[in-house]
Amino acid sequence: MAEPQSSLEKQFDSFRVQLEQSGTLRDRIRSVVSEIESSTRLIYATLLLVHQSRPTPGLLEKAKSQVSVLKEQYKELAEVLGGSSGQYYRYHGDWKSETQTVVSMLTFMHWLETGSLLEHKEAEEKLGLGSDFGLDVEDYLIGVCFMSNELPRYVVNQVTAGNYDCPKKVVKFLTDLHAAFRMLNLRNDFLRKKFDGMKYDLRKVEEVYYDVKIRGLTPNGETIGDLEIKEPEDNL
Amino acid sequence: MAEPQSSLEKQFDSFRVQLEQSGTLRDRIRSVVSEIESSTRLIYATLLLVHQSRPTPGLLEKAKSQVSVLKEQYKELAEVLGGSSGQYYRYHGDWKSETQTVVSMLTFMHWLETGSLLEHKEAEEKLGLGSDFGLDVEDYLIGVCFMSNELPRYVVNQVTAGNYDCPKKVVKFLTDLHAAFRMLNLRNDFLRKKFDGMKYDLRKVEEVYYDVKIRGLTPNGETIGDLEIKEPEDNL
Amino acid sequence: MAEPQSSLEKQFDSFRVQLEQSGTLRDRIRSVVSEIESSTRLIYATLLLVHQSRPTPGLLEKAKSQVSVLKEQYKELAEVLGGSSGQYYRYHGDWKSETQTVVSMLTFMHWLETGSLLEHKEAEEKLGLGSDFGLDVEDYLIGVCFMSNELPRYVVNQVTAGNYDCPKKVVKFLTDLHAAFRMLNLRNDFLRKKFDGMKYDLRKVEEVYYDVKIRGLTPNGETIGDLEIKEPEDNL
Amino acid sequence: MAEPQSSLEKQFDSFRVQLEQSGTLRDRIRSVVSEIESSTRLIYATLLLVHQSRPTPGLLEKAKSQVSVLKEQYKELAEVLGGSSGQYYRYHGDWKSETQTVVSMLTFMHWLETGSLLEHKEAEEKLGLGSDFGLDVEDYLIGVCFMSNELPRYVVNQVTAGNYDCPKKVVKFLTDLHAAFRMLNLRNDFLRKKFDGMKYDLRKVEEVYYDVKIRGLTPNGETIGDLEIKEPEDNL
């Protein structure tokens, strides 16, 4: 139709262009996010081997090489978003879940290496994030909760492998972490729910610690005989 | 605790402050949004009287006086968000639904007055929104869909009141609007769903128009033949 | 890990490759399907203008130019699937819904032009589909049901525009089509449901035909006065 | 009707025949699938006895005799589908769920016998499937997930029966399997969900292994210290 556009058509033509642009942008975000997810899967597959008591230093080294790939991918993500801070939260829903998983990997790796919590700023540094394109605090906290979920299984497998010293360390770490979270006034429903899960993680590692203690299992493998049997736990 | 804070405590202390701040901010946003909702309710209560065939100019005048209140409230909202465009989308979920309703009111008022669609820019002007704190295009489009939902009822009541000219005008307006929306590649599921509803609005007003035509009801009130007016169908 | 792959790893490595390949294939299918959807949207936007009584020949010509684009896109889709007939049904779910819409457009266009049903073979020809990559019969039938859904609205708008001859033609067409469908033993739940909807389309156009007849509205616009009023229809 | 068929009638007559044919085909598929389901139920009933610590070799022999019945049934299924690979995915939905169960039986039997994973190719051989009519990779993987669900219960019952060596073996097997799955980029939602369940299976067998270790229960039945056997936890 060669007839001149009406005012209505002109306006919707401009909407069409804007919606196409934001659609294209989201496609590009999704594409980078899918690469981030893929790197995270590789890191996780490597880290899972700690449950089989494979030597931690080797696993960490392998995982770290993927972290530098992640850093590149976050750089790409920041570029896709054009460094415009205004767009950060507009499309935040498209990558936040993957970023929370990334944080859980990083904090788990750091804990395996140092026994302490990777701080928010340190996590940002590892991913090359900063003031323009930072790591959302709630994403960081949710990632930390996810990391906590990994600890009961870790403790169980370490004890199975004869590392009776491990539960005490994890109980200490998780107790402090839980207490720190307690100070926060959580309004975000998702974060609050994840934090509630941390209570179960703590209870579970406390139970393992109790098992080890009551059986007198010491780090060097001696047992103090004649122990009573713990009742089976209820399976919730 | 007089003992020096651990690094963990320091970090969570800073999170506590940040979460308090964003919590306070959201409370303030919610408070303004609740005022916006209240103004919108007043406008809607006034506009609803058009269905009872009250004289439109008087109703519009009354509604317009509330729009200036709305403008003040959006100014307040912008101030609460500190003019920081980066925060716009962070808390967008807290006011977008109310803003869509506001748009539906404004576009309905404008249509009643002029018979044409209030444009996005004009809607922004009416609310004092601009480049720093603008009206999201999807919110505008969803608001327009909501406005369309009001039209079938309006047409039915106008015909009941003897305004046989009205259906033709509304069919024309809604057909053009529907065709304009058709050109958009809607990826937003909510918007797409609302737009799908517009098809039913259009079909309904077409049927009213058909009823009027087939009975030979003409704008100046003459009927062709000995026809009575069919009762408007129930609006489910 | 430089250690040789276990038999398990080797197998899953091959699965990984296969899943990547089928994932990539689906991405490519989706991309073509999204172009098909886009062309269909353009055709539909054009065809919708028949409801405003725009001259049909011009609209059909415009719509037909898009059909040749569609044909190219189906050729691309067939190429993506590698001409392997075995893959047709494997990924059928990824394009069948869009193809049903395409069929509804083609059959509507054909009906507007000829007053008869575009046959399955003719639809295949228009889309360049054939023995290797054909048009599924159920997709064709569902598309025909969708086309039928367009007819009540068309009839209403035609009568509004004074085309009193139209209802008779549509009633005849839809009655024959409905009777033909009746002969089929429909086991496909979706097709059966869509076919059930055709009954309502038929009823609606019959009612319009009745309105026109009872008011003595003849193709040349004369009315036979003194008619009784039809009761308002129930709105289901 | 002796009158010559219209073009419409002719076309629908041919559809009627085609739909009858595909309907008949599906009835035949359903009939074979129901026999396959019946054989699978017999195998499962036999295999379930391993949980009661019946001697595995006898059970396996009995189950194997049913596998040869299954093989005949898959041959019949392939014949029903006419060896036409194009039809494989057309009706895939009609037998895939039963085939996944078959895979879970075969892989469980193989694991009981060898301690290793029955490979995809081996599963195909056991069922007489091949290039023309193969075993879909995703069906195989889902079947393997189902098999994994059987292992926690098996381990618990084995330990109850005094087989303290079993948990270690199962942990090793399931850890490797889980790590292998981790490498896959799962886009199929159902498969992804089933795989997520494998994590719980693994955690459960790890906990049983932990119980055995912490109580010092050794494969040859000696305990360290004065420990009793903890009751297996309930399997919810």
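Quick notes on this structure:
Letters A, B, C and D name the chains as they come in the text, with residue numbers starting at 1 for each one.
Here is the rule we use: a contact is a pair of C-beta atoms (placed from the backbone, for glycine too) under 8 Å apart; a residue touches a chain by one contact, two chains touch by 3 or more.
Here the structure is a predicted model, which means the values were calculated and not measured.
Path length between subunit A and subunit C in the touching-chain graph (shortest route): 2.
The centroid of the Cα atoms in subunit C and the matching centroid in subunit D are 40 Å apart. Subunit B and subunit D have Cα centroids lying 54 Å from one another.
In this assembly, the C-alpha centroid of subunit A lies 33 Å from the C-alpha centroid of subunit D. Residue positions of subunit A in touch with at least two other chains are not found.
Taken chain by chain, the contacts form a single closed ring in which each chain touches exactly two others.
In summary, the structure contains touching chain pairs A-B, A-D, B-C, C-D.
Note for the complex: subunit D touches subunit C at residues 6-9, 11-13, 15-16, 18-20, 23, 26, 85-90, 92, 116-117, 119-120, 137, 141, 176-177, 180-181, 183-187. Looking at the complex, you find that subunit B touches subunit C at residues 172, 175, 178-179, 182-183, 185, 203, 206-207, 209-210, 213-216, 224-228, 230-236. Those residues of subunit C lying in contact with subunit B across their complex are 38, 41, 44-45, 48-49, 51-52, 153, 156-157, 159-160, 162, 208, 211-212, 215, 217, 223, 225-227, 229-230, 232-233, 235.
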